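Both complexes below contain chain A, partnered by chain B and then by chain C.
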Partner chain A sequence: MFWNMFASRLKCLFRDKTVIFWTALFPIVLAAMMYFAFGGFMEGGEMEPIPVAAVETVVSERNEVFLSVFREASQEAGDPLFDLRIVEQEEALRLLQEREVDAIVEVGQTVTLKVLENGLEQSIVKSFLDQYLQTQHMLETLMQKTASLPGAFGEMNFVSQSFTKEVSLGGATPNLTLSYFYALMAMACLYGSFWGLRNMMDIQANLTPLGARRSIAPAPKWKVILSDAAASLVIQTIELLALLAFLILALQVDFGQQIGLVILTCVVGSMMGISFGSLIGAASRQSEGVKIGMLIGISMTCTFLAGLMFVNMKDIIARYVPVLSYVNPAALLADAFYSLYMFGAGSRYWMNIVVLLGITALFSFISYCIVRRQRYVSL
Partner chain B sequence: MVIEVSNLVKRYGDRIALDHFNLNVAKGEIFGLLGPNGSGKTTAINCILALLKYDKGSIRVLGTDMTPDAYEVKRRIGVVMQNVAVFEDLTVQENIQYFCGLYIPEKQKRDTLVQEAIAFTGLEDYVKTKPKKLSGGLLRRLNIACGIAHKPQLIILDEPTVAVDPQSRSNILEGIRRLNREGTSVLYTSHYMEEIEQICTKIAIMDQGRVIALGTKEELKSMIKTGEKISVEIQGLAPEYLASIRALPHVERVQYDKDRLEIHCSGGRHNLIEVLHDLSEKNLSFGRVYSEPPTLNDVFLEITGKQLRD
Partner chain C sequence: MSVFNTSMKILRSKLPILLIYVVVIVMVSILMMAAMGSQENVSDTFEQKGCAITVINRDLGGKLSEGLEEFLFRTNQKVSIDDDKEKLQDALYYENTAYILLIPEGFSEAFLAGEEVFLSKTTLPDSIESYYVDMQIDQYLNAVRLYMQAGIKNTEEILEFVSADLDSSANAEIIVSENPNSDDSQLHIFYFNYLSYSMLALMILGISTILISFHQKDLYRRNLCAPIKLIRMNGELILGISVFAGACYFILIGCGLALHWEKLWDFKLLSLLCLNFLVFSIVCVGIGFLTGVFVRSYNVQSAVANVVTLSMSFLCGVFVPQSIMSASVLKFSQFLPAYWYVKANHLIGSLSDISLEQLKAILGCLGIELLFAAALFAAALAISKKKRFMDCL
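Right after this comes the complex of A and B.
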């Protein structure tokens, strides 16, 4: 009996074009639109070298050292910080006026920075100069004070060295744009709620004639609920995997190396979405149209708070209303994808999965308690 | 008895929908439940099917107390609801297969029953059609096929012919008679008295949640004073003639309005001949003449003072 119910339900849901559109095609179309809207950001957000003109107004050993450091920063293999041009004063001014360079560095008795406007590039040049001048000053002071201690200075190592190294556990580089796509995946999971709603509409005798007919059949209600839920889970998971394949293969969105766990997240997200729709279908006494409106409204609010429209929203919520991050299924899903990408299958990922499963269990339990009754006061 | 309902009381807030409702359907009967809209027929059916809670009374179906989890009893019942209840996204055959599958787990047996149900309802040409492409009559036939495919011992049909064209209605009624001939007991509700008269072997007339009359159609008609109703088209009838017609044997009531004379007789034979003889004796020329036996509407009218279709 179960397989007959499951197979028929599967056919039935696969042919529901309206729900298929919202749960499968709409997220794919939205993903494509987002991809084209972001354009070059998808390339990883690497910075171009900053064009800078340097003018040596006074030739000295000290200035030569400075310029050699500047040249070195402009010639770092694969990742140069500056695009340095050493030119005459007039040429430098022309380049700045024509915005071919972002700054002029005049190296004379002192080092002077000239810019036309403030911006990220200008700030980077200024920081570089500040750091150089501070280090130079420190070294000169140190040399004066240790002149009476021959040999001591020579043994000191002045090479700047970092004792920590930033690595990504997931082998990935941070990319904010990806968060939008992870939030989109979360939205697609929440749209599984349409299946859950339909299941509930088709099972309650006081909502539809079909519900009444199924209620008078000699099939235990839990069996009917389970067959419907299993069929909708299969469809929703297939739809999410299609979306995932589109994102990875067509749009080159990086989900990290652990694709098995990404699929697990999709399955858990599907379960969560279906249970959410079931809850709205079972608990609300409104018409089907109103219930659909509620699903869309709640799903969009959750995904907005998870960063679908404004990626920093997730951080704002985490900072000011942290509890919301733990009860918003969309935020949990988006964070599960993100943490899997950045840090691998660590405690943060598993925490998200466990909380999602908890929410799913809670939604399912409440829905079942509501629909398990078998006699109604009125139909 | 296949259905035994005693003293059933169902309230919707302050309104009483079933007021000590009693019903006994014997094996092999086509039992008709007749009453105007809102008389409590569907509420009674929903209580019998254990869909609705009720305040008082008892219900036994096929010898067992009817409860929501009485699956063995449910397996032997077929139900055709008032509203068409099928999956819009499944074809005719897939729908029948699904609902039959809720009752019959064995695939081979199920497939045979599905084919029989399709043939029985005349849906052979539409097996791959989806419900939204079916006409109203065909949709009703599909609704019936889904309810009876598993060959139940008892079939409950709640207003199955609402909004159905006359030809489909005739097919449906003939189908019910065929099922009954094959041994199925039937509980049939309708507010169409002609249908009930046509197919039911026993009839209960309902009003305001109660059974107000019970019996065969002949028994019900014999309960009332009104027998034959004779109508005569006649022009310019003088009042003194009306008095002479009233004096004829078995004449209960006489009305004359808009050149139409209506004579209500109580039982008796040859009433029409008596009337026509009297009119001829008085040299009154008349047009068309009609004679109608009493209907269930007359029964309902006499008991409640209302028309069945009010």
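Right after this comes the complex of A and C.
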């Protein structure tokens, strides 16, 4: 009996093209669009040399030395710091105004930096100039000091040395762009609510003719509900796995090493989405259109707070209104994917999953309480 | 005017859904204003721009590490985060800090004793910030090392010298720009870019709703028998669509004026932006018309509306600035009208004085948009004629 109902329900849901579009195709299209838009910085930005124009207003030996140091920094093998052009004053100003260079360095009696705006690139040029002057100042001080210590100057090593070493804090490489895709997965899970809503519409006699027909069928309500829920869970999970495969294989979005747990998160997310849709379907007495509007509105608000439109949103909420990130299912899902990627299966991941399961149980329980033992007045 | 009145009635029934798109753009605009409003204004003196860095100093009481820390915070912003791995990773991931420097225990002592010791850093891969901070740290420590090699033993004396050295700095000045920056920090340009999303959604939903209703097979046949000329029927439909498009145009611009009236008060700027938006609105009407001709059911309609508007907005630089999109995607986007609309907006935003050359570039974009509109209308008319003919059989 159960399997019979389950199989027919599965067929029935698979034929609902509109819901299939919103739950399966739409997230895939959106993911592709986001990928194209963010493609530029998915790979992590390589540092481009900073374009600088240098002008030698006074020719002197001292300035020649300075320019040769500057040139060296622009010709370093591998990754040069600057893209240096030595030009005349007017040409330099033209290049700056047309934003072909970020800064002009005027080498005259003193070294002067000319820029159009304050920015990190300009600050790096400034830092480089400062360093040169500081080293010059230092050498002068050293000359005075070592005059009393003969021989000391010769033993000094003037080659600049690097004193920092990159260490990983453990876990994966931070890449903020990933968060968009994690939030998108959360959205796809929440869209599972369309199935939940459809299930509830098809089971209540006062909402659809199909509901009326099924209400008089000689099958216990819990069995009907359960078979409906199981069928929609199967479809929703398949759709999410297709989206996941698309993200991982086609778009190369990194979900970390533990694919098994990523899939578990998808299943939990599907359950949560369906139970959310059921709750709206059972609790609200509005028309189907209004209910769909409510689903989309709530899903969009939740995913917005989880960072789908503005990626830092999830972090801002977590820092300033932490309560909200524990009750927002989209944020919990996005954080589950994030923590799996970043930290692996730790306490943070499991807490997200447990809270999600709790929310699912609560939603399902409330909707069951509403639809069980419903009686309709005979007309 | 029965056809016109009916089309208005149909639109009224869709009003709540249509209003969503007006609310969305106003909300997004307000949020962006709140998020970007706190950013500093353009200054006319040079300020060394630092980055947000976090220093975890485990070398408590070390003179050298204190000096280094003090030096780094002269130009960089301090972001205090607990010495907790997960919190540090979170901060780096969400780019609240760009550089985490860990000074190990006993660093000062070991360094001053001449041992080879290193500081640990964690940064975003290949970031310009990491290069910048590295440069500062190396400068400081290399200076200290040189003084040590010169035979100066007294730590305090060395730090004093270094501090004096590091005070020397190059002159820097800011030149007044002839072309104001056209970046996306200009909220009014952002607003107008975003308008394309709302307008497109409104036009597709509104126009196709009217056309779907009027072109239901039976209803269409029945209307053909009505004692009203086909040309009048179509004329009233066009009038209805035009009134709807005009209303949306003025409502959206009105919201923009209310939100950004300080910036948009400039007549030249406003008129160019409005002109560009008007041309793009015509393109939107064309897209809406084409959708209405193709689509027969309301379910398909909302799917088409969402896919078209979101794809266009993502690919053409409405949601993500064109400046950070990859060149190959932008090449493709040139085949979409919104690309030219956004491009024209940026050109207008960076316009300082109307020169013929700049105006030509802007008008070029507008011309391309008009061509798109013409192509869309031509396609829609051809298809609709064929379809209507089939329906009459």
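Criterion: the second predicted complex is superposed on the first by the 251 of 379 C-alpha atoms of A that agree within 3 Å, B and C clash if a C-alpha of one lies under 4 Å from a C-alpha of the other, contacts with A are read in each partner's own complex, and residues count from 1 in each chain.
Operating definition for what follows: contacts are C-beta pairs under 8 Å (C-beta built on N, C-alpha and C of every residue); 3 or more make two chains touch, one makes a residue touch a chain.
Since the model is a prediction, treat every value here as computed from it, not as a measurement.
Judged by the touch definition given at the top, the superposed model places A:Y376 against chain B, while chain C stays out of reach.
If you count the residues of chain A touched by chain B and by chain C, you find the higher number for C. In the superposition on chain A, A:M34 makes contact with chain C only, while chain B stays out of contact range. Within the superposed three-chain model, A:G358 lies out of touch with both chain B and chain C [touch as defined at top].
In the superposition on chain A, contact of A:G108 is made with neither chain B nor chain C.
Contacts of A:M1 after superposition: chain B is touched, whereas chain C is not reached.
Contacts of A:K11 after superposition: chain B is touched, whereas chain C is not reached. Taken together, the two structures place no residue of chain A in contact with chain B in one case and with chain C in the other. Across the complex, chain A meets chain B through its residues 1, 4-5, 8, 11-13, 15-16, 205, 208-210, 212-220, 374-379. On the chain C side of its complex with chain A, the touching residues are 16-17, 28, 31, 35, 42-43, 46-51, 75, 85-86, 88-90, 92-96, 100-102, 117-129, 131-132, 134-139, 141-143, 145-147, 149-152, 161-162, 164-166, 168-175, 177-179, 181, 299, 303, 306-307, 310-311, 314-315, 319-320, 324-326, 328-329.
Listed in rising order, the residues of chain B touching chain A in the complex are 12, 46, 49-53, 68-69, 71-72, 74-75, 77, 79, 81, 83-87, 89-90, 94, 97-99, 101-103, 105, 110, 146-147. Note for the complex: chain A touches chain C at residues 17-18, 21-22, 26, 29-30, 33-34, 36-41, 44-47, 81, 93, 96-99, 110-124, 126-138, 141-142, 145-146, 149, 152-153, 155-158, 160-171, 173-176, 179, 293, 309-310, 312, 315, 338, 342-343, 348.
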